[in-house]
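Each of the two complexes below includes chain A, the first together with chain B, the second together with chain C.
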Partner chain A sequence: MDRGLTEDQVLKTLSNIIVEALRVDPSKITRDTRIFLDLNAESIDILDIRFRMEQAFGFKINQEEMLRSVGAGLSAQEIQMKFTVGSLADYLMEKLRQQKN
Partner chain B sequence: MNQSEERRRIALVTGGSRGIGRAVAQRLAETGVQTIFINYLQNETEAGKTKGLVEQYNCRCFLARANLFYEEEIDKLFQTVKAEVDRLDIFVHCAALGAFKPLKEIKSNQWDLSMSINARAFLLCVQKCLPFMKEGKIVALSSLGSTRFVPNYGAMGPTKAALESVIKYLAVELAPMGIQVNGVSGGLIQTDSIIKFPEAASFLQEVSARTPARRLGKPEDIADVVMFLLSPAARWIYGEIIVVDGGLSLL
Partner chain C sequence: MIAERQVVISGLGTVTPFGIGAKTFWEKMIQGESSSRLITSFDVSNLPTRFAAQVPLSERELEPLIANQKSLKTLCRAGKFALIAAQEAMEDSGLRAEEIDPYSLGLSLGAGGLGLSDVEHSDQMFHIILDSLGVEDGIRLDRSKIWKNTLEQVNPLTPLKALPNIPTAHIAIQYNARGNCQTISTACTSSTQAVGEAYRQIKFGIADIMITGGSDSMINPQGLISFSSLGVMSKNNQEYRSAARPFDRRRDGFMLGEGAAILILEELEHCRKRGGRPYTEVIGYSSTCDAFRLTDEPPQAWGSIQAISTALANAKVNPESIDYINAHGTGTVLNDKTETFAIKTVFGEKAYSIPVSSTKSMLGHLVAAAGAVELAACVLSINHRCIPPTINYQEPDPECDLDYVPNEAREADLDIVISNSFGFGGQNACLIIRRVP
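Let's look at the complex of A and B:
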């Protein structure tokens, strides 16, 4: 995939991935949607979403780094609160910038 | 490479960064295997530790990160093998993945992931091993949940049943080629994975108390039986699933 993607393109790709993996209604997906709490994703679903993102964006993702990107030193419960579609899109944008440089 | 080096065996271990895979890799190295390819999904640090253990025994070790869910990544794994060696003598499939929950609650994506890593990846890896194997020994790791009910093992048990069936079919198909295929079915083994069971502490305590040998299995308990199946002593064993569980399944 071209790495010069806009934020909107990344968000759209990510939303499609989440819809396909979790079989949720696309209308439920906004930047503020909490992936664990609002979409009931389980740890294996996060793995599935990660695999799909790796395929779509063409780079490897460290799961720990991805989850921790919502804030340093947070508990697992706090991560679940803050891990949103938007935060994941931001993480992907940052990774894409790193890939480009 | 001198003649004795040529005779030393070459192995591929999937899921080799931790747990049973690491124990198998270490045992292989201890017994004089020449080269081991360690496949892992993500944990480079742990894979590096396995490599360090293996290399203590004058054994070459190559780490190959590959997500076995995708066939193209399995292809890349075998490109890594091909770049270094022209044969494989041993393939051990330890990679496994699943959700620990009741089968009635499994979602289709979770089923697909489990089935792909636990059963399909084994089949695809064996197919891709064949050009490298004149004679060889293949072992896959199963678990008691393939044939017996284990609470919260619904995403894993059926995939291990599929794996065991693949083992038996391949055992027949590959026997004339001098390739043995077998499986090892463990009880509950103390690895990083078991803490993922819901209410793990009480569950593990209960299983340990119910096991006639009065403890949980260790990765080495399984690795030693894998090594037996890879040894000449197991030359007449084809398509068997050896249960290694401290007697748990007898009750």
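Let's look at the complex of A and C:
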């Protein structure tokens, strides 16, 4: 995939991945949607979403790093609270910037 | 003295080579239809058997029928059949999950399949793929790279599709079944044992309701190759529409089938109190192992004889009271001969006047789902007062000389019926059901 993606393009691709992985109504997905709490994702769904992102964006993703990107030193429960579609899109944008450089 | 708990079947659902639903299943079966088709879902042109009894729906057509759409990514084809059949069975029973004590509701499902290939098998597959591509000698097979690429390129949830208890888990989640949930894998007897163990759970007061049955789908390259290697399937591609011919002198093996049947077992009083409709009562079950050889049946058929006679004892009925036997009746030379011998040994002269039919002649062998689908056939036989036939029966075999209900369904006022299942590993299991008084 072209590395020069806009934030909107990344968000759109990510939304499609989440819709496909969790079989949720696309209208439920905004930047603020919490992936664990609002979409009822379980741990294997995060593996699935990570895999689908790797396939779509063409780079490897460290699951731990991806989850920790919402804030340093947080508990697992706090991560679940803060892990939103928007936070994941920001993580992907950052990874894309790193890939470009 | 505490009264014995009685166990009834209060709901059923099927996915069979005749399609979705118990209504279609029954209607086509009493018409004596064959569900045999040439396999077109993958290239079978170089395989010895090129036909099977496939469920006539693709993955894409099955998926909208499943209520929990997120479950699809961890469901193999057999798992999808199980979920669809469970939905029909629960709806048919009139039970509402929110009105059930979740710890009194359990699951007992039969499952089979191949699982993930072992290292020896996958190693052979790599070489075969290279040979098939015509790759020259001298090309190095970098196995570590193959494993790494597999890790990176296969969806991480794929292994869950190969776990036999995943369909059980999905059904448990869907209906909040928090009691004893088990998955039984004993080849062709899997779902008969699953139902039998479910019956025991209720009879002995461990559960009030059990969602039980089984599913299987082996009409894929691995499954077809495996059964071809073992030499147990019919190779009569020319006459594929009538090649499944149990008990006929010309039989040359079974037709592979796929599908699922789920039955709701319930304690009789529980069913009556809520206004449920009991189809039939389960009154006997037995399971034995030949402890002889993996696939050969012992010449004296001790395991199957013991399974049938112990089931009769467990049901507290004498052999004279059996009105119909749904045979395992695979259509292999050995099975049909040994099963006939076992029936004659247990029932004596009476064996000649009991109708014995093999629904595998129409549906094929559903392997881990066979017992549950055949029990569903027995339930409907009692309710519709009609025995499904053994189709494609033309030439009697002197060693198979019972009344096999040839080619046409037969009206009969059935009261007590037995269903036989015998499987690889020397497994034998029998279930006895009767009309609810």
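FYI, the second predicted complex is superposed on the first by the 101 of 101 C-alpha atoms of A that agree within 3 Å, B and C clash if a C-alpha of one lies under 4 Å from a C-alpha of the other, contacts with A are read in each partner's own complex, and residues count from 1 in each chain.
Keep this in mind: contacts are C-beta pairs under 8 Å (C-beta built on N, C-alpha and C of every residue); 3 or more make two chains touch, one makes a residue touch a chain.
All values reported here derive from a predicted model rather than from experimental measurement.
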Contacts of A:62 with chain B and chain C, given as first, second, both or neither: first
Which of chain B and chain C A:21 touches, first, second, both or neither: both
Partner chain in contact with A:100 - chain B first, chain C second, else both or neither: neither
First, second, both or neither for A:48, with chain B first and chain C second: both
Residues of chain A at both interfaces, chain B in one complex, chain C in the other: 21-23, 44-45, 47-48, 51, 54, 60
Chain B to chain A touching residues, read off their complex: 42, 65, 67, 69-70, 97-99, 101, 107-110, 113-114, 155, 196
Touching residues (chain side chain A, partner chain B) in the complex: 21-23, 42-45, 47-48, 51, 54-55, 60, 62-63
Chain A residues touching chain C - in the complex, by the definition given at the top: 21-23, 44-45, 47-48, 50-52, 54, 60
Chain C residues touching chain A - in the complex, by the definition given at the top: 69-70, 72-74, 152, 155-157, 160
